[in-house]
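Just dropping this structure here.
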Amino acid sequence: MRDVKRIEIVIDKPHEHEVLNVLREAGVPGLTVMDVVSGYGDRGARDGGELSDAMSNRYLLTTCDADRLPAIAAAIEPLLLRYGGLCLISDAQLIRNT
Amino acid sequence: MRDVKRIEIVIDKPHEHEVLNVLREAGVPGLTVMDVVSGYGDRGARDGGELSDAMSNRYLLTTCDADRLPAIAAAIEPLLLRYGGLCLISDAQLIRNT
Amino acid sequence: MRDVKRIEIVIDKPHEHEVLNVLREAGVPGLTVMDVVSGYGDRGARDGGELSDAMSNRYLLTTCDADRLPAIAAAIEPLLLRYGGLCLISDAQLIRNT
Amino acid sequence: MDLLLSPPILFFFLGALATLVRSDLEVPKPVARLLSLYLLMAIGLYGGYKLSVGGLTGEALAVMGVSILASFLMPVVTYAVLRLKLGNDDAAAIAAAFGSISAVTFITAVAFLQESGVEYSGYMVASMALMESPAIISGVLLARIAASGGKPDAGGRLAGIGGLDWRELGREALLNGAVIVLVGSMAIGYVTGEKGWAAVSPLMDEPFKGVLCLFLLDMGLIAAKRLGDLKRAGVFLLAFGVVGAVAQGMVGVAVAWLLGLDHGDALLLAILFGSASYIAVPAALRLALPAANPSLYLPLALAVTFPFNIIVGIPMYNAILRAISATPGT
Amino acid sequence: MDLLLSPPILFFFLGALATLVRSDLEVPKPVARLLSLYLLMAIGLYGGYKLSVGGLTGEALAVMGVSILASFLMPVVTYAVLRLKLGNDDAAAIAAAFGSISAVTFITAVAFLQESGVEYSGYMVASMALMESPAIISGVLLARIAASGGKPDAGGRLAGIGGLDWRELGREALLNGAVIVLVGSMAIGYVTGEKGWAAVSPLMDEPFKGVLCLFLLDMGLIAAKRLGDLKRAGVFLLAFGVVGAVAQGMVGVAVAWLLGLDHGDALLLAILFGSASYIAVPAALRLALPAANPSLYLPLALAVTFPFNIIVGIPMYNAILRAISATPGT
Amino acid sequence: MDLLLSPPILFFFLGALATLVRSDLEVPKPVARLLSLYLLMAIGLYGGYKLSVGGLTGEALAVMGVSILASFLMPVVTYAVLRLKLGNDDAAAIAAAFGSISAVTFITAVAFLQESGVEYSGYMVASMALMESPAIISGVLLARIAASGGKPDAGGRLAGIGGLDWRELGREALLNGAVIVLVGSMAIGYVTGEKGWAAVSPLMDEPFKGVLCLFLLDMGLIAAKRLGDLKRAGVFLLAFGVVGAVAQGMVGVAVAWLLGLDHGDALLLAILFGSASYIAVPAALRLALPAANPSLYLPLALAVTFPFNIIVGIPMYNAILRAISATPGT
C-alpha cells in the first residue's frame, strides 16, 4: 500500500478529450472514465446525453503521487476555469500490481 | 484549492427524487448522478433496473463546506433510516471555476 | 456517523466475479457496482465492452471497519497482482440505517 | 403443447438455462427497456385500433367495468389469505401485485391466440390497461386500514385513510411509465384508427412475435436470477404464487362464462385475473408502500407466477375454456 | 388537422404529457441514440437512392446551392436581430442553430407528405445534409468578427478571423456524428442505388413511421423537461423561437416559389429554412463557441421551435403553399 | 466488386472513416450488444429452420464433424508457427482465436450469397456454431502442455493437463453468451421448423441486411479504434493476420472440394476456416488464458483479419471456388 492522491473530475463531455490529453501529458499512471446520468452546478442542469453530448458530463478518476499533484492541478485548473466542471482531490492508499 | 466535504450517497432509485430535493434545499452547490449496475446491502441484492426501477440504485456525488455538513447529514439521515442506502462522507479539496 | 474505510476497485469485468466472491467472503457489509466507459493503465486501454466483456472494466465500491482492512486488502491483493486493476482505500464516515 | 414449442416460450427457457449454467449472456438494461416499451406500445396501438373498429359496445363496457372491479376487490380476499402468514405491508403488496396484471403474460397469451388463429377483442387490451392501477390503490388502502387497527380516525373518516395523500397515491398508481405508455398508445390507436394502424403496423405488428422472443429471452435470464430470492420466501408463498394465481384465474374463467365471452376474450380475461405484475406495480409500490419488502413480491410474481402462467397457465385455461364451451347446454 | 392526428405527433404529445405529470417514463439514452441513428440512416439512404434515380439535374443543383447559401447567410440577419437583446456569443450561437436544420422536423414533414401521398425529390435530403454545417461556420465567424470590433488584424486579414483554426472549425462543423451518418448514408444510397435500397428497405423504409413514433415519444419527454430552462430565456427569445423561425420558413417559401419547386419539395424547403438544430449544431457549438450558453440555444430550438414546427409549422406552410399554387397566374 | 458496393460493407468503411477523422460518432454499447444478439439469433434461427427442412444428411454430419476437427486441430499448426516469434500464452491465444470463427464475417458472407442468389445449407450454420468452442479448448491445452515442458505429470497423465479444471474450461468454452445464443437459437429454429420461422421471420429475416448495415457501421468505428494497438503487434503478427487467415481459408477450400460441397457451402466453409473470433473467444480467453495479452489477439482478429475477410477474403474465395468448379474434370 502506497499513499497517493485521488483525483476525480466532472467535465462536460465535449471537453473530455482535452482533459484526458492534459492528464496524459501530466503523466498520470492510469485513468478510469464513467458515465454521468445527470447533474447540476453553477452553469445549470446537465442531462444524460440523450440527443447529443452537448449538455452531458463525464466522470474521470485518476491518481498521482503527492509531489506530482501541484503540476497536475495547475494543468487542470485552466480547463475548469474555461469550461466549468469540478475537480476533487483526496488522500488515498493504493494497492496495485506494480 | 479549498477544503470541502465530499458526500456520496447510494439510494434506491424510486427515492432518488426525495434525496435530490433534500440536498437541493440544504443548498449543496452542485451534484452529479451516476448509474448503479448492481449492489447489495442489508436489504438484499439490487439489480440494474432491467424491468423497472423498483429494485435499482442511484449513486449521487456532492460536496459541501465543512460547516454545512451537520445540517446536510441531519437532512439525509432520516431518508436513509426509512429507505436504506448508504452515505459516505470524506475530506477533499476542491478545484472549481468559482 | 461512524469511521470506516472506503474501498474502491477497478477490475477487468471477466474477473469481477472473483473479486466479488473474495469481498463477500471477507465479509464486507455491502457493495455497489458501476459501469466503466473506458480506461487505461499499465496493461493498455480498456473499452466499454461494445463487442464483449473481454476488454472492459468494472468499478466496485465497498466499505469496511478499519480493523478489517488488513484482511480485506490481503484478500484482494493477489487478484490485482494476477489480473491488474486498481484498489484505492481512503478514510470516510458512514451514515447508515444500522 | 403448441405453446410450449413456440419460439417465444423456448427463448424464455433458453434465457433461464443461460442463467442457471452461469453463462455470461446478458441483455443490457436499455435494450430490455426498449423491448418492453415496444411491446406496450404495440399491444396498446393494436388494442386501440381494434376498439376503434369494434366500438364501445355494451359487452366491452361490461368487461371493462368488471375488470376494474376485480382489480380493486380481488386484493381484499388475497390479502386476507396472505395475512395468515405474512406481515401487514407484505400481504398488502403481494395482494396488489396479484390483483394487477402482467402485460407480458397477456402479450404471450395474445401470441398464443394468434398462432391458434383465434380472434380477440380490442376491449381486452383496454381491460388490461384498466386493471393495472386499481389493485395498487386497493393494496395501499388495505395496509393503511389494517395498520390503524380499523378504528375510525379523528376526522371520523374510514379508518387509517385519514392522513392519506390521495393525490400522491393516484399519481403513483396511475402515472407509472408502463401505465402511461399503454393507455396513451391505446388512445392513439383509437383516435388514428385504420389509417394510423396501417402507418405503424410494419413496426408494431409484423415483427411483434420476433421482439417477444428477444424479450422473453431476457425475462428468462432475469427470472432465473431471482430464483435465489425465493429461498427466503418459504413454501407458503411459493404455493401462493401458483395456487393463488390459479384461483384468481378461475375467477376470470367464471366471469368470462357469466358474461358469455368468446373463447379468445375469455382466455385473456383468465390470464389477466391470474397474472401478477412485476413491472408496473413494484415500481409504484416502492413509493406507495415503502415498508413492504420488494424481495418478496417481485420475485414471486416474476420467477413463480409468470413462468407458471406462460408454461402451464395459458394452455390450461385454454383447455378448461374449451371443455366448458363443449359442454352441452352452455 | 390530419398531421395533428397522426401517430408520431400524438406520441410527441404523450411524451410531453408524461413529463408534465411527472411520470417516471423514460427512454434510455442508448435507445434514443439508436433511434436517431436509424432515422438519419434511413432518410439518408432513401435520399441517396432517390438521387441516384432522379439524377443531379439543374434544379437539384440549384436547390442545393441555394440551401448552402441560405444556411451560411441567414445567420447574418438573425444574428443582427438577436444582438438587440443578447450578448455576442449567444446571438451567434442561436443564429447558427436557426440557420442550420432539424433533421427530425424534416423527417416529420416527410412522413406528413407520405401520408398525403405527395412526392418529394431526393435532392431535398441532400439539401438538408448540406445545410447542417455552413450555419455553424457562419455563426463562429460572426462571433469572431464582432468580438474583434471589426478591425482588421495584424496580418491585414478580415477582422477577428486571424487566429482562427480553420482546420479545427471545419472538423467541428463537418465531422459531427450526425453529419457523417447523414452524408455517408446518402452517399451509400446513391452508390448502391435500386439494388441497395431493395436490400435495406425492409428495415429502413417500412418500419420508418413506427420508429418515428418511438423517437417522438422521447422527444416529447425531453423537450418538456427543457421547458424549465426557458424561464430564464425571456419573452424576446421565446418570441424569436416562433417568429424568427416563421420568418426564415417564409424565406424558404419564397425561394421555393422563385425556383418553381413542386409542392412536396417546397414544403420541405420551408421546413429546412424554418427549423433549428438541437442535435448536431449544439454538439458542435460546445467546441466551436464554448462561451455561448447552451442553456439558451438548445432549449429554444428543442422546446419552442421544434414543437411549433411539427404542430403548427408543417400544416401552416402546407396551407400557404397550396394557396400560392392555387393563385391564378403562378 | 459487387460485395464492395453493397450497403453493409460501405457502412463498415463509413464507420472506419468516422473514427479516422476523429468524428464523435458512436454507437452506444447496449445498441452494439443488441445488434450482435439479433444477428446471432437471426442466423441461428434460420440455420435451425433450414436444418429442419434439409434434415441431418450424411453430408451435413460429415461437414459438421470436419468443422469440429478443424477448429480443434488448426490451432496446433498455427500455434507452432506463432511460437517462432511469440511467447507461449500469446501464441496459444492467437491460435485459438483463428481456429474459432467470426460470426459476423460468416453473416456478411451469407448476405453476399443472398445478393448473388446462391443457396447454402442449414448445416453450415451448425458448423459455425460447432467451431466456436473447440479451438478455445485446444489453445488452452497447447499452452498448458508447452508450459509443463511436455513432461508427463505426477499422475502419469498427459503433460500439463494434470491440474486442469476441465469443468471450468468446458464452461468457459461452451457457455459463453454468444455460443449459447447461437446454439440455442439453432435448436429453437430446428424444433419449431416452418411454423416457427414464419412467426419470427418478419423480424429475423427481412430486416436482416439493414441491421447488418448498422452493426458493420459500429464494427468500422470499433475496428479503426483498435488500429493503434497494432503498432505494438509488429510486422510478423500483422502478416499472420492476413497470411495465416488465408492459409486456413485455403484449407477450407480444399476440404470443401474434397467433400464436394456446393458453391455456397464451400464459400462459407472457407470463411469459417479463414476467419478469427473477436467476440466469443476473447471473452472466454480472459478467463481460460489470463496470462495471454488481449491487446494482441483481439485487435489482430478485429482490425486486421475481419476487414481483410469482408473486403478481400469473401470475393477472393468466391473467385477461387468458381475457378475450381469451372476446371474440367472436377
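Per-chain numbering from 1; labels A, B, C, D, E and F assigned in written order.
Note that in this section contacts are C-beta pairs under 8 Å (C-beta built on N, C-alpha and C of every residue); 3 or more make two chains touch, one makes a residue touch a chain.
This structure is a prediction, so every number in the text was calculated from the model and none was measured.
Colleague: Touching both chain A and chain D, which chains are there?
Modeller: B, E
Colleague: Given that chain E and chain F are copies and touch, would you call their interface same or different according to whether over half of its residue numbers are shared?
Modeller: Different: fewer than half of the residue numbers at the chain E-chain F interface appear in both copies.
Colleague: Taking each chain's centre as the mean of its CA atoms, which one is most distant from chain C?
Modeller: The chain lying farthest from chain C is E.
Colleague: Can you check how far apart chain B and chain C are, centre to centre, with Cα atoms defining each centre and the answer in Å?
Modeller: 19
Colleague: Distance-wise, how many Å sit between the C-alpha centres of chain B and chain F, to the nearest whole number?
Modeller: 46
Colleague: Indicate the residues of chain F shared as contacts by at least two other chains.
Modeller: Only 24, 27-31, 33-34, 207, 283 qualify.
Colleague: Got the chain C residues that touch at least 2 other chains?
Modeller: Touching at least two other chains: 34-35, 53, 82, 90-91.
Colleague: What chain pairs are in touch here?
Modeller: Going through each pair of chains, those in contact are A-B, A-C, A-E, B-C, B-D, C-F, D-E, D-F, E-F.
Colleague: Can you name the residues of chain F that touch chain D in the complex?
Modeller: Residues 28-31, 33-34, 37-38, 41, 45, 171, 175-177, 180-181, 184-185, 187-188, 191-192, 195-196, 199-204, 207, 283 of chain F touch chain D in their complex.
Colleague: Sort out for me which residues of chain B touch chain A in the complex.
Modeller: By the definition above, chain B touches chain A via 1, 4, 6, 29-35, 58, 61, 63, 90-98.
Colleague: In the complex formed with chain D, which residues of chain B make contact?
Modeller: 12, 14-15, 43-45, 47-55, 82-83
Colleague: Can you check the complex and tell me which residues of chain D touch chain F?
Modeller: Residue list for chain D touching chain F: 5-7, 10-11, 14, 17-18, 21-31, 34, 115, 206-207, 209-211, 213-214, 217.
Colleague: Under the touch definition given earlier, write down the residues of chain B that touch chain C in their complex.
Modeller: Touch residues, chain B against chain C: 10, 34-42, 57, 59, 73, 76-77, 80-91.
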